[in-house]
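Note that subunit A is present in both complexes that follow, paired respectively with subunit B and with subunit C.
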Partner chain A sequence: MSGPLLQIDGLHIAFGSRSVWRDVVRGVDLRVSAGEVVGLVGESGSGKSLTALSVMGLLPLGAKVSSGRILFDGTELVGMRDGAMNKLRGRDIGMIFQDPLSALNPAIPVGKQIVDSLRTHASMTRRAAEARVVELLDLVGINQPAERARAYAHELSGGMRQRVMTALAVSSNPKLLIADEPTTALDVTVQAQVIGMLDRIRRDLGIAVLFISHNLDLVASICDRVSVMYAGRVVESGAVEPLFDAPRHPYTRQLLRCVPRLDGGTGPMPTIPGLPPRFGSVLPGCAFTPRCVVSQARCSAQAPPMRRESGHLSVCWEGVP
Partner chain B sequence: MSTDAPPILELRQIRKEYMLRQGMLARLRGGGKPFAAVDGVSFAVPRGSIFGLVGESGSGKSTLAQIIVRLIEPTSGTMLFNGQDVAGLDRAAAQRFRRGVQMVFQDTGSSLNPRKRVRRVIAEALAARGVTRANAATETARLMDRVGLDTPMLARFPHELSGGQRQRVGIARALAMAPDLLVADEPVSALDVSLQGQIINLLQEINASLGLSIVLISHDLAVVARVCSALGVMSKGHMVESGPPSRVLVAPEHPYTRTLLAAVPSGLKGRRQTDRTLMDAFAAGDMAAATAPVGSEA
Partner chain C sequence: MASLFLRRAGVSLLSLLLVSLVLFVLTRSIPDSPARIVLGDEATPADIAHFDADHGLDKPILVQYFRWVGGIVFHADLGKSFTTGLRMNDQVANTLPVTLELVMLAFVVSVVVSLALGTMSAVLRDTPLDYGARLIAVLGVSVPGFWLALVLILFFAVDRDWFPPGGVVPITDDVYEHLRSLVLPAFCLGIFYMAVLTRMTRSSLLDVLGQDFMRTARASGLSRPRVLMYALRNALVPVVTIAGMSFGHMFGWALIIEQVFNIDGLSHALLQAIQQRDYAMVQAVVMVFTVVFVVANLCADVVNASLNPRMAAAA
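Up next, the complex of A and B:
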C-alpha cells in the first residue's frame, strides 16, 4: 500500500455554538501505517480523545472539525456522509474506551453482541459467527470462552470487560484499532494483561493500533512511534526509543521526570508546577511557556518553529539561534 | 512521642463477609455462600506514619478502608484506635472517633455535592467540628492555603474545578475535621502523572507538618515506595506480606508481591527485554506460574 493507513493533517477541532467557536485541537498531524502501534500521550484535556473521536466520526455534540484532513486508506473522512462513515467505523476502524460498560449493551449477552456485529459487518451465518466468537474471546485471553459468551457485561470484571470490548472491536477484522486509555481504570496486574492482549492482537492479526494514554511507561513498552500532545498540539513526535532516550521537547522531558520510579528514592515527587491552559486562553506563542523551566522571552509571543531531525520532530524555541 | 505510645490504628484479624447474590458468580462458586472480601487481616499503623495498602483490584483494599472509617462494620475481628477498642466506645467517644478518622476518595468529583460551592463544603465540615462562625473565615483561609488553593476557588462549584483541584478540596474538607488519621483510597489514580506528584507531595507535607497519620491505598507501587514507611500487600482478602518498602518491594517474600512487581510497566527497559514471555503470560491471563492463580476473574 502506498501512504500511511491513517493520515491526519492540520486537524483543528472546535467547540461552540453559532457564532463563537473555540479551537481545542489546534493543528494536529498524525500518521499511522499499516500494522504499526502509535502512541498518543499528553495530560488530560490535551485533546487526545477528541482527535480519536474525530477519526471515528463520533465527536460530541457541539464539537466539529473546523479544518484539516483525515485520510483513511486514502479516503477523506472529514465531511463524509453518515451512512458511509458508519460502515467504515464498524468494519475498518474499531475503537475501545476507558470505560467498557459504555460500549457494551447491558441487556444482551456479550457473545451475542459480537455475533450481531459479525453478521452485520462480515455477513457471516449465525453458525459461523458463533464459532468465530469463541475464537475471538480465546484470542483476547478469556478462559472458557464458550461459557463466558453467555455472560452479561455486569457479570464480568473490569479486565474481562475490556477484553470483551476488544474482541468486539476486532471482530470485523479492522485495519485500525483505536484504544483510548484502555487501562486507566484498571490495576497494574490487569493492565499488564490488557496490554499483553493488545500486543498479541497486533502481532497475530496485524492490526494497526492508535494507543492513547497518559501513562508514558505503557506507551514506551508497546508503541513503535509516539506523539506527545500539549494543549491541542503535537509538540514532539518520533520513534519510541530515541524519543524516550533523548526527549527533545521541554514538556516531554518534564513529564518523563514526573513518572514515579520504584528506585526513585524518597522525598517530594518531581512535578510540573501549574496547570495546562484552559482552552480559549492559549497564548499566541508556546502554550507551555508558564510551566516551562527553560522558557525564553520570545516563547510566549511567537509560535515556536517545527524542527525535524531524522524523523524526530519537536516544536520549540530551545536551541534556535 | 514516646516509642511505646500505642499505634494510632491497629487491626486484629479483621474479617468482612458478603453474601454473594444469585448471579453468575454465585452459581460458579456454588450457591449463596458467604465470601470473605477481607479475610483475617492484621496490621498496625504507628502514629504519624504513612502506611500503604497495595494489591490487585477486588483484593479488599477499599473494604478495609470502609471498615477503618467505620462506614461498614467488620463481620469479626478487633480494631483499636489509639489503643482503644472501637467496638466498645460510648456515644461521645464514637463521635470523636468518626471525626478523628477522615477519608479522601479516588474520585472526589462524585463525593462532592455538585450544587455546593467549595466555600460551603468547607464551612459545613468546620461547623461539624464545632468551629465557631467567627473563627471559620480564618480557618478556611488557612486550610485553602495548606492544600494549595487560591481563595477565588472558594466561589467555584465542583464541575468548575480540575481533577487535581477537586482532590485538593476533598483533602481540605477532610482536614477541616482536624483528624488524627486520614484514609486516602486511590487519591491520585484518576490524575495525570504531573498532578499525581502535586497531590502526593501535599499528603506528605501534611503528614510531616501536622504529624497526621495516613493510610494510603494505591496501585502505584512506585508512589507507595516513595512515601510510605510500611506497606501491606493484599491479595484475595488476605494481607500476604507487609513491612517497609525497602524490604517488601526489594526482596519480596510472597509470590504475589513478585507478580505485582513484574506487572509494573517498565518503559523502555521492558521494551528492550527481547523476551516477551512475560507479556505473553499476561495476555493469557496467566499472571505468574509461580503464584497461586489470581483467578481468571481479572
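Up next, the complex of A and C:
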C-alpha cells in the first residue's frame, strides 16, 4: 500500500444553516499510517472530536465538511454516499466514544450489540457471532465473558463498559480505530487499565489508532506521533519524543507546563490565562495571540508560517526573521 | 421480571380495592333512598323499611360493602339492580362485548397507525410528509369526537350510503355488515388517541435519535432499519405507557360515541343507569371500567419492562 492509511488535507468543517456557515475546523492536515498511533491533543472546542467524526461521516446535524479531503486507504471519504460510508463504518474504521454508558444502547444486551455489528459486516450465523463475541470480550479483558455478554450496559462498571465499547469497535478487525477521549469519563485508577488494554489490543491486531485526548501524559505514553490543535488548526505536530522534549509552539509549551507533576513543588497550578477564541470568530493572524506570552505585533495581523524541520511541524512566527 | 409482575399486580389489586370502597361509599351517600325511587312518593315508611330489609339496605354501610365485594370476589356476582331486579352479570355480559370490541378496534388501529405515522414523521423530519403527519395529529387532537361523529354520519351515512348511521349489526347476522357498522364509531373514538400517540412517538423517537448510543449504532455500520429498531426499543417506553392509559380512557369516551351512534353497549347502559338512579348498575359498570383500566396499565408496565430492562430493575 502506498501512502498513509488516513490522510486528511486542509479539512474545514463549518457549522451553520442555509446561508450562514462558519468554519470551526480551519485547515487540518493529519496523517495516520498503518499500525501507527497518532495523538490529537487540544482544549475542549478545539475541533478534535469534529475532525474525528468527519472521518466517520457522522458530523452532528448542522455541521458539514466545507472543504478539504479525507483519504482512507486511498478512497475519498468527503462527499461519499451514506450507503458506501456504512460499509466502512464498524468494518474498516471503528470508533470508541467518551462516555461508554451513554454510548451503549440501554435496552439491548451488550453482547447483542456486538453480534449485530458483526453480522452486518460479515455473513455469519448467529451462533458463530455469539461465539466470536465471547472471544472479543475475553480479548478486552472481561471476566466471565459469556455471562457479561448477556448483561445490559447499566449492569457493568465504567471500566467494563469501555472494554465492551472497545470490543464493539474492533469486532470486525478494523484498520483504523478512532478513540475519542476513551478514558475521560473513567476513574483515574481504571484509566490506566483501559489504556493498557487498548495498547495491547491494537498491537495484537495491528490496528492504527487516532487517539484524541487532552491528557498529555496519556498521549506521551502510547502515541508515536502527536498533533496539537488550537482553535480548529493544527499548530504543532511531530514524533512524540522530540515534540514533548522540545516543543516549538508557545501553546504546546504552555500546555505542557500545565501538566501536574508529583515533583512540581507547591504553589498554584500553572494555567494558560484567557480563553480560546469564540466559536466561529474570524481572525486574520494566529488565534493564540491573545494568550501567547511571546506574541509579537505581526502575530495578530498575519497568518503565521508553517515550518517543518525533520518531520516536526510548527505554525508560529516565533524565530522567524 | 416475574417479581416485577407480582409487585405490579399487587399494587393493582390494592387500587381496585380502594376504588371499590370509594365507589361504594360515594354511590351510597347520594341522598334519596333507592326505596323512595322505586316505590314512589306514596310509599309508607313501613313499605320503605320492608324494601330496605329485602335488599339489605338496613345493614351498616360497611357490612353492605363487604357483602358486595364478597359477592364479586367469591361468586363473581356483581349484584342485582334495586330498580329493575335484573342481575348485573347478565347486564354486563349483554353490553360489554360490543363496547369491548369497539374499543379494541379503535385501540389497535390507532396504535398501529400512530406508530407508523410517528416513526415516519421522526425519520423524515422537516419534510412534507412530516408536516402532513403533524397536521393530521394536530387535527386529531383538537377536533371533538362527538362533533366529528355527527359530521361523518351526515357525510358517509346520510348523504352517501357507505356506512350505517348508527347501531351495530350483530356479528351472528353478518360479519361484514357487523364490521361495517363499527367503522365510523371506531374511527371517531380512535382518532384522538391516534393523534396523541403519533405526537408521542415522534417526539420520543426524535429524542432517542439524538442520543449518544445512536451515534454508536451508526458508527458500527448498522443498516438503517436496524438502527431504527435500536431507537424504537428505547423510544416506545413512553408511548406504551400512554397507550395503556388510553385504552382505559377509551371506555370513558365510548360513553359519548355509543350515545351518538346509538350503540347498546356498556357505556350506554351506564348512562341509562345514571338517569334511572340505578346505583347498583352504576357501581357494577364503573367497577368493570376500573378493572379494564387497571389491567391495561398493568399490561403496559409489563411490555415496558420487556422493552427496557432498566425499568424492570428500577420498578
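Operating definition for what follows: the second predicted complex is superposed on the first by the 320 of 321 C-alpha atoms of A that agree within 3 Å, B and C clash if a C-alpha of one lies under 4 Å from a C-alpha of the other, contacts with A are read in each partner's own complex, and residues count from 1 in each chain.
In this text, a residue touches a chain if its C-beta (ideal position, glycine included) is under 8 Å from a C-beta of that chain, and two chains touch if they have at least 3 such contacts.
Keep in mind that this is a model prediction, so the values were computed, not measured.
In the model built by aligning both structures on subunit A, subunit B fits alongside subunit C without clashing. Angle at subunit A (Cα centre) between the Cα centres of subunit B and subunit C in the superposed arrangement: 70°, in steps of 10.
Between subunit B and subunit C, the partner in contact with more residues of subunit A is B.
Once the two complexes are laid over each other on the shared chain, residue contacts for A:Ala103 go to subunit C alone; subunit B is not touched. In the superposition on chain A, contact is made by A:Phe244 with subunit B only, not with subunit C. By the touch criterion defined above, A:Val320 reaches neither subunit B nor subunit C. In the superposition on chain A, A:Arg89 makes contact with subunit C only, while subunit B stays out of contact range. After superposing the two complexes on their shared chain, the closest approach between C-alpha atoms of subunit B and subunit C is 6 Å.
Comparing the two complexes, residues 152 of subunit A contact subunit B in one case and subunit C in the other.
In the complex of the two chains, the subunit B residues touching subunit A come out as 23-25, 55-58, 162-164, 191-198, 200-201, 204-205, 219-223, 225-227, 249, 259-268, 270-271, 276, 278-285, 287, 294, 296-298. Looking at the complex, you find that subunit C touches subunit A at residues 211-213, 215-223, 226, 230, 233-234, 307-310, 313. Of all residues in subunit A, only 43-45, 141-144, 151-152, 155, 157-160, 186-193, 195-197, 199-200, 214-218, 220-222, 240-241, 244-245, 254-255, 258-262, 264-272, 275 touch subunit B in the complex they form.
The part of subunit A that touches subunit C in the complex is made up of residues 56, 58, 86-91, 94-95, 97, 99, 102-108, 113, 116-117, 120-121, 152, 154, 165, 168-169.
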